[in-house]
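Should a chain be cited, it is by its letter among A, B, C and D, assigned in written order, with residues numbered from 1 in that chain.
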Amino acid sequence: MSWNTFGRVLRFTTWGESHGPAIGAVVDGCPPGIALAESDIQPFLDARKPGQNKFTTQRQEADEVRILSGVFEGKTTGTPISLLIENTDQRSKDYSEIANTYRPGHADYAYDAKYGFRDYRGGGRSSARETAMRVAAGAVARLVIPEVTILAYVAEIGGDAVDPANFDAAEIARNPFWCPDAAAAERWEALVDDARKAGSSLGAVVECVATGVPAGWGAPIYAKLDADLAAGMMSINAVKGVEIGDGFGAARLTGEENADPMRPGNDGPRFEANHAGGIAGGISTGQPVTCRVAFKPTSSILTPVESITRDGEATEVRTKGRHDPCVGIRGTPVVEAMLALVLADHKLLHRAQCG
Amino acid sequence: MSWNTFGRVLRFTTWGESHGPAIGAVVDGCPPGIALAESDIQPFLDARKPGQNKFTTQRQEADEVRILSGVFEGKTTGTPISLLIENTDQRSKDYSEIANTYRPGHADYAYDAKYGFRDYRGGGRSSARETAMRVAAGAVARLVIPEVTILAYVAEIGGDAVDPANFDAAEIARNPFWCPDAAAAERWEALVDDARKAGSSLGAVVECVATGVPAGWGAPIYAKLDADLAAGMMSINAVKGVEIGDGFGAARLTGEENADPMRPGNDGPRFEANHAGGIAGGISTGQPVTCRVAFKPTSSILTPVESITRDGEATEVRTKGRHDPCVGIRGTPVVEAMLALVLADHKLLHRAQCG
Amino acid sequence: MSWNTFGRVLRFTTWGESHGPAIGAVVDGCPPGIALAESDIQPFLDARKPGQNKFTTQRQEADEVRILSGVFEGKTTGTPISLLIENTDQRSKDYSEIANTYRPGHADYAYDAKYGFRDYRGGGRSSARETAMRVAAGAVARLVIPEVTILAYVAEIGGDAVDPANFDAAEIARNPFWCPDAAAAERWEALVDDARKAGSSLGAVVECVATGVPAGWGAPIYAKLDADLAAGMMSINAVKGVEIGDGFGAARLTGEENADPMRPGNDGPRFEANHAGGIAGGISTGQPVTCRVAFKPTSSILTPVESITRDGEATEVRTKGRHDPCVGIRGTPVVEAMLALVLADHKLLHRAQCG
Amino acid sequence: MSWNTFGRVLRFTTWGESHGPAIGAVVDGCPPGIALAESDIQPFLDARKPGQNKFTTQRQEADEVRILSGVFEGKTTGTPISLLIENTDQRSKDYSEIANTYRPGHADYAYDAKYGFRDYRGGGRSSARETAMRVAAGAVARLVIPEVTILAYVAEIGGDAVDPANFDAAEIARNPFWCPDAAAAERWEALVDDARKAGSSLGAVVECVATGVPAGWGAPIYAKLDADLAAGMMSINAVKGVEIGDGFGAARLTGEENADPMRPGNDGPRFEANHAGGIAGGISTGQPVTCRVAFKPTSSILTPVESITRDGEATEVRTKGRHDPCVGIRGTPVVEAMLALVLADHKLLHRAQCG
């Protein structure tokens, strides 16, 4: 089956291929009366868009979003919001030779195995280009949760992590890596540039934090806030792992070390730690919701990798197209968007049941 | 909202509280004509059930499952299968003093914040007792995918990992830890016993592998096989992290290191590595599907932890009830069940669209 | 596929066969804090239950409902509410001879065609016994919409309609037909008794009205209030038609005749007619929501009807079991329940999006 | 909530307003490998489009559909199919005076009551213009069920019904009324023209038949084939009633009269009647699936109707814009489309569970 809709009350459906005429999203269930214009969405797309520096793919896309429905006199009407971006820089010829070859680590073989054939131009539907529409939908979701502040940043590239002691949120937008540690950003410049020149690629870990989430969002048992976050993050291209709070680190702690003691506070409890990442029993606790996401290195590399053709013959694949040396960088705005989308959905879900 | 249903075609809904009269599940969408009896389910429940050795909670539950519908003359009819287990050992008095106190790290505060009050007996709905019904539903799911073999085991307790060189699948059932490494099992015996005696608790990492999954299962973009696995695993009590394939480890590899080269094989490609964990673009590749799940140490410990009462007064909490020193151990059959449930659902989803 | 769940936010799942050990429902998404006990549900089941007079099947079922979860200290907790009724009067032997014969007009052949075999005891899952659980779930739904008053009654049996001039709501509970017209009830007594004695059966039309529904419930375009009502009513056993407001009658009116003029009122508009049945554009208008439901005569009759065996041989079928001469009568509480369930769901849906 | 998606496996989502820049649909879950081009869809849109004769609204829309995704090298890829139609003849000025007035019988008041404000241009989202996208999606659905033949026609206008004895399927496309009875078509010409000239409007009944549906489609209990049909049909603008098979007529029959006797046939049973409309227990029986749909007369009439303004003041409404004298006529292709969409969905649903 194909299943291109995410969310329960605030749902969005994306469509489009890397090299088709356009990509789009339909956001359904948005509350009415929210001020919304293209200019509320475009900055987030600009932050994600390719070709902005040498550390990302050189594909040039304007990524100009149009709102085709659901807004009247500058406000959402409560009806579906259709968002559309035209594809303007599809160099299909780049991909012609791999029409009959499976790129290892890509979805080529899996799509063929599932569907019998595939749109091979730029990965077709499996391209990360789809994530542009998540960013656009996420911009709408942010407006549904004005009480929440969302921040994502790259915490690690190629195994080189930021130093928490150096964390400076203001630094994130100052470097091309969404890096909150100026020293790390400097190191990564060399690291990523070397990978780029070598035609290699690097993995990354992205962290995200939502502050201002009130206690009570989350729908146990099977729409737990953390379960929906895990699904949303894992559905992003190249993601292979998701942690909430201390994640795998918590598996190495004792119960005493992992405790999040509570003290009387002015407005609900004051927590003395946040190993849990702001979620208990699948429901937000009022603490910051924290999540870590692992991006693999892209499989598009210059080094030849053994593969097979559609006919099952042995061959080798080298990627000569335009690609990101570290897809986690451009994944950062996507992580932010998914966090916003999940939280906005759960805000509405919560009020459905609990008023 | 409450959302107690999981799955898309093969869906199951669970209900019940730790100290209510019973817990249950309704499995809907199971194909007709499959031989099914209580005896197909009971062994999996027996494997999960508490009180079997000193390393798990001493709650004594027979956990005898009854099939109340959906089976006729020994075969599934295609109608909903109702499964029920009576609760027989609910010592409600154990919990009476914490009715007005929030246990840090538990869902107590979050449930109160969401719903305004809570069933405090044994955690009510947030108790891991709910997972018994996943194990029961998972036993049904296994029968839907006879081509698949599922195996889960504990790979790490309290930071002490098994040695892959010692991996012996036959060992898993021989020790109380689902440990595939005899040497590690011996070490864990002391480790877990010490934690138990100290009234402390330990985290764990559970690994699971499904072999025999054909290429083509998974529904991009928002019902990717890995996204559904992530949601399913993250919804298990105490889980804080999920990895597919190399997971966070992949974030530290280069594209060259992370490649899964393909060679011509007899029946589809032969992959020379499986960093991807058997999933590309959200679709199975025919390789083993691998997943790692992080369990935090249970928050139920003897050491007093600072907390607050429902009225917001400062207090301390010590857990005197019966609890697991390492919930990851009993989580292992639950991980297996969720893997079976997600795969069975995706088998049916795949044939819905692709015949 | 099997799909035994209804609703979007307030969802219920039913399970169970006519002659299995029990039937049940799981109601998920109910708001927390609502006072709920078996005694809130039982009266509605008693109203529906068989064997109460000679005009309904003589099957004797106590239909005692038990609440197994989701309620604590007398109030809903916001977690799933499991409802269970044991089957106590299953005379399986009544049905043994039709195991290999298809009863015309029943679901026997369709179930076999779909699933390959069927639970033939009393119709198995296709039995109207399933509707008892709708009535139970509907009793919960009523508590979610205390602002709404729901009333259903039989408007027509065997083509003999009530006279609107005689309508008296107080009459409905005074006769065994849920008939609001005392004169019609008297005529029906003879009509239905004749059918019963002849082993024949009669169709019926049931009308239902919900007053107190505020303007604004309904989710266009594909969860319109009327569309969900149509689905809910059509899913009741033996139902073949659904009308909202004037229904098919509206197709014979001109635009002038069908107009529902609006005048200034104290609290929203005052409508001067209600051809629309309280719904415009799929959204409630604040007028009474009205719906008409057509029940066919049951196919279980004494007169032999030509049929075939499972092996395709010609045969005849006469129904010798206990059956209702007019299933529309016992369908009336089910219509009420479905109306309550749809409205309660839409109340919650509305507040999810619109606060 | 807003809910603009229909279907379970083959799902479509529509978006767009009457006077926005465009309208569209995303069809998700379509099987791969089906030949599909705009030319497969356009004829159905042409059949529905306005302005083709004096019996329909004079709005002039080219209604040219574009496929923006999901098709590669002329075949569906299994990924979402995005369909878009630009709005070219939106005369917004026609509607400016009713921005502050509620048109009785329209959704104006209900939308305001729900969402707080509305896009008043041509009815915005509540306009029947949305149904163009159902027709487009329906054209895709037809390709999923090549074994099924679908036919809809107008059976009654303003209470004047076709004579079954005159039924001639070939006649349907020969007159502007989709009328299968040449004599009735001639009568309707005068009838509808009179209504048009008088600025009045007429209701209609549309019948549809699907032949070639195999036994076994339908998902009891809550996705019964007839329940899904009822929801789909009732969601069409101006529809107030739905009947399956004999519908309300069955309520006036005895069990003997309503029986559908079965005889041995070559390929499954041979039914001697089809009162049931091809569906028993919510599952297709292999007989033609028949459905009747009641359309009210449009509320847009020249005769002034009492109404109120947004501020609650008394006023009168006359409709001066371009409107259909009998919306049931243009509803006929929409009924066909919904029938195709429901059947295609159930074909896929059936094979999900039953292989």
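In the analysis below, a contact is a pair of C-beta atoms (placed from the backbone, for glycine too) under 8 Å apart; a residue touches a chain by one contact, two chains touch by 3 or more.
The chain list, named the UniProt way, goes like this: A, B, C, D = Chorismate synthase.
Here the structure is a predicted model, which means the values were calculated and not measured.
Minimum number of contact steps separating chain A (Chorismate synthase) from chain D (Chorismate synthase): 1. Between the interfaces B-C and A-B, more contacting C-beta pairs are found at A-B. With centres set at the average Cα position, the gap from chain B (Chorismate synthase) to chain D (Chorismate synthase) is 46 Å. Chain centres here are Cα averages; for chain B (Chorismate synthase) and chain C (Chorismate synthase) they lie 39 Å apart. Measuring from the averaged C-alpha position of chain A (Chorismate synthase) to that of chain B (Chorismate synthase) gives a distance of 26 Å. Shown for chain C (Chorismate synthase) are the residues that touch two or more other chains, namely 1-5, 9, 14, 29-30, 32, 78-79, 114-116, 125, 220, 348-349, 352-354. Chain A (Chorismate synthase) contributes residues 1-5, 9, 11, 13-17, 20-24, 26, 28-30, 32-33, 66, 68-70, 72-73, 75, 77-82, 114-119, 121, 124-125, 348, 352 to its touches with chain D (Chorismate synthase) in the complex.
Listed in rising order, the residues of chain C (Chorismate synthase) touching chain A (Chorismate synthase) in the complex are 9, 29-32, 78-79, 220, 348-349, 351-355.
Residues of chain B (Chorismate synthase) that touch chain A (Chorismate synthase) in their complex: 1-6, 8-9, 14, 102, 104-107, 109-111, 113-116, 125-126, 130, 156, 158-159, 195, 200-205, 214-224, 226-235, 237, 240-248, 250-264, 268-269, 272, 275-277, 279-286, 292, 294-301, 303, 305-308, 312-314, 328, 349-350, 352-354.
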